[in-house]
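Got a structure here, written out as structure tokens. Questions coming.
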Amino acid sequence: MNTPAPELSISTWINSHAPITLAELKGRVVVIHAFQMLCPGCVSHGLPQASAIHAAFPQTELAVIGIHSVFEHHEAMNAYALKAFVHEYKIAFPIGIDTPDTVSAIPLTMQSYGMRGTPSLIVLDRLGMVRLHHFGRLDDLRLGALIGQLLAESPTPKEQKIEPAQDLNLGASCTTVSCQIR
Amino acid sequence: MNTPAPELSISTWINSHAPITLAELKGRVVVIHAFQMLCPGCVSHGLPQASAIHAAFPQTELAVIGIHSVFEHHEAMNAYALKAFVHEYKIAFPIGIDTPDTVSAIPLTMQSYGMRGTPSLIVLDRLGMVRLHHFGRLDDLRLGALIGQLLAESPTPKEQKIEPAQDLNLGASCTTVSCQIR
Amino acid sequence: MNTPAPELSISTWINSHAPITLAELKGRVVVIHAFQMLCPGCVSHGLPQASAIHAAFPQTELAVIGIHSVFEHHEAMNAYALKAFVHEYKIAFPIGIDTPDTVSAIPLTMQSYGMRGTPSLIVLDRLGMVRLHHFGRLDDLRLGALIGQLLAESPTPKEQKIEPAQDLNLGASCTTVSCQIR
Amino acid sequence: MNTPAPELSISTWINSHAPITLAELKGRVVVIHAFQMLCPGCVSHGLPQASAIHAAFPQTELAVIGIHSVFEHHEAMNAYALKAFVHEYKIAFPIGIDTPDTVSAIPLTMQSYGMRGTPSLIVLDRLGMVRLHHFGRLDDLRLGALIGQLLAESPTPKEQKIEPAQDLNLGASCTTVSCQIR
């Protein structure tokens, strides 16, 4: 079942002059890539895929947002280090730092979306509904098909049969592919 | 502008018990991959991509068809050789041998579609209209997006604004990527 | 134990003005890549690796030779088809067609070397001794190390401790990697 | 011309119980991979190559050493962050942190070797002479050949013609491949 996407909780934005809210992105398809800068599967696959999506589709129709959701090695992946990382890897799309929790190691956006680890891929339709919530690697063909489907949908709500959110998780484990919350 | 897809002209089918016509595929999205078994770009990229599409989407919604459109080295790429090739490469989707012309080196389906060489990728919507005619390599993300869009479209014709056929040709040359008609 | 390499039995040479014998290559390291043009593992890995070796080392020190050792689908992989293949794949090093046997499906050079299938990689030292006989894929690092070692050896025979021939076979099976004699 | 390798200047060792000196590695071939944890070309190519070398050759014959030579973003790539990086990327060979200079941004080992940036690959023969000093990417085949040659050389010094150190630098620029000192 589709659910409305919770608003993001971001402490700092990189590559954006102003804070970004999901509310203002209504009408566009939104691809959210949650990552950690020291997560091998994010660096080798997830971030390049997000950059390719950012380059392939018009920004007036689709927004790509990176969320730095750190749940381990917090000191190593601080804001200063992330900015160096974003600079060296030449990442062009906006990246928000997931707001740290004061009691839990897991940051707030990661909690509200119930993410299992990084990379996590969350895709919203033009109405702001979660249509994909995927942990681990997802191939370009299937992800492209979902994007194409959502781009083709009308931006105005009406009586329509909405497909259930697909979880195409192919059983990624916590190795070179992803980092799972332990 | 979209145009109705001309019917295929096939002399022999492999991986199919009966001849296949585009007419009977109406209602489904159709991905046609035209190749030559000795075309390096077809072997390294086009055919694996076609197999991935065949595996990723339900056959009741999308049909993948290979067309062996030989326009050079005809003797080397005869039906016997093609069958050995299909067996060794474990290709699972139906493949039609493009009917040779009696006067031209270019076979009939290749002529009627005006293909420039191999690999050529032709995508039809559920109504049988040509929505993509691409020569050379096309990335999974963009191709997936088109497939997702076409799968989302209604199978019944109605007054709709149809997007012009995209030619996403990225300027492929006749090297490792493709073989162009000389 | 190292053994002297049996002389090649070749019916036709491609990319060579004259027949090539191992006898005349004494003094050079020789890398023999046995393949079939319809063997997927040969096309995707073995032949590109052989081309890379051909480009990386001086021909006065190292010779690369391809052997087309057909043991199945003989009609599909005849001399005419092989020439088209070599042309389309732009293979630059000499290729010999392994002489067909009149009674067995396995050609003569393949028999005399006891090859298990394709791709097979055979490396000779400067004295013409077999120092590697490998069936399946071998990574560039290990193969490069053997080549570097053999290039460093003196071309004149003398009392030296010769390392036993390495069989670095990593257990390749008969799928996308290789074709095994059944 | 070959030159004796200057001794390393290391402030902290990771993956090693005791400090490592080049002096004690005499008799073995030594492969030194200088990197930065936020250098994309190091992460995607250099470190995996170093790990492959570490796995392919016996440690009694060849030692792989990583040197973390930070010349930019020093705060982001501190010892704590490096340890998290080494843990997440499952790097198994010893890594030394290049001793920071008090006046220059360039650390001491990087200075004494005259490295141009990261990744830099330095290969020593069994006598401790620099036989390769390469900035940027180097393919496995050529690097493997050098390793094979050096492994074949006698560990005892004698009158021998030593090949000049090869600089196989293929003109890497400061993009996805490497980070150059500015």
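Quick notes on this structure:
A, B, C and D are the chain letters, set down in written order, and residue numbers restart from 1 in every chain.
The criterion applied here is as follows: a contact is a pair of C-beta atoms (placed from the backbone, for glycine too) under 8 Å apart; a residue touches a chain by one contact, two chains touch by 3 or more.
In UniProt terms the chains read A, B, C, D = Redoxin domain-containing protein.
Not measured: the values here are computed from a predicted model.
Touch-path distance (fewest steps) from chain B to chain D is 2.
Although chain A and chain B carry the same sequence, what matters here is overlap: shared residue numbers make up over half of all numbers found at their interface.
The interface holding more C-beta pairs in contact, when B-C is weighed against C-D, is C-D. Of all chains, the one whose mean C-alpha position sits at the greatest distance from that of chain A is C. Averaging C-alpha coordinates per chain places the centre of chain A 49 Å away from that of chain C.
Centroids built from CA atoms put chain D at 34 Å from chain C. Per-chain Cα centroids separate chain B from chain C by 36 Å. For chain B, residues touching at least two other chains: there are none. Taken as a graph of touching chains, this assembly forms a single closed ring in which every chain touches exactly two others. Chains that are in contact with each other form these pairs: A-B, A-D, B-C, C-D.
Residues of chain A touching chain D in their complex: 38-40, 43-44, 72-73, 75-77, 80-81, 83-85, 88-89, 179.
Touching chain B in their complex are the following residues of chain A: 49, 52-53, 56-57, 139-153.
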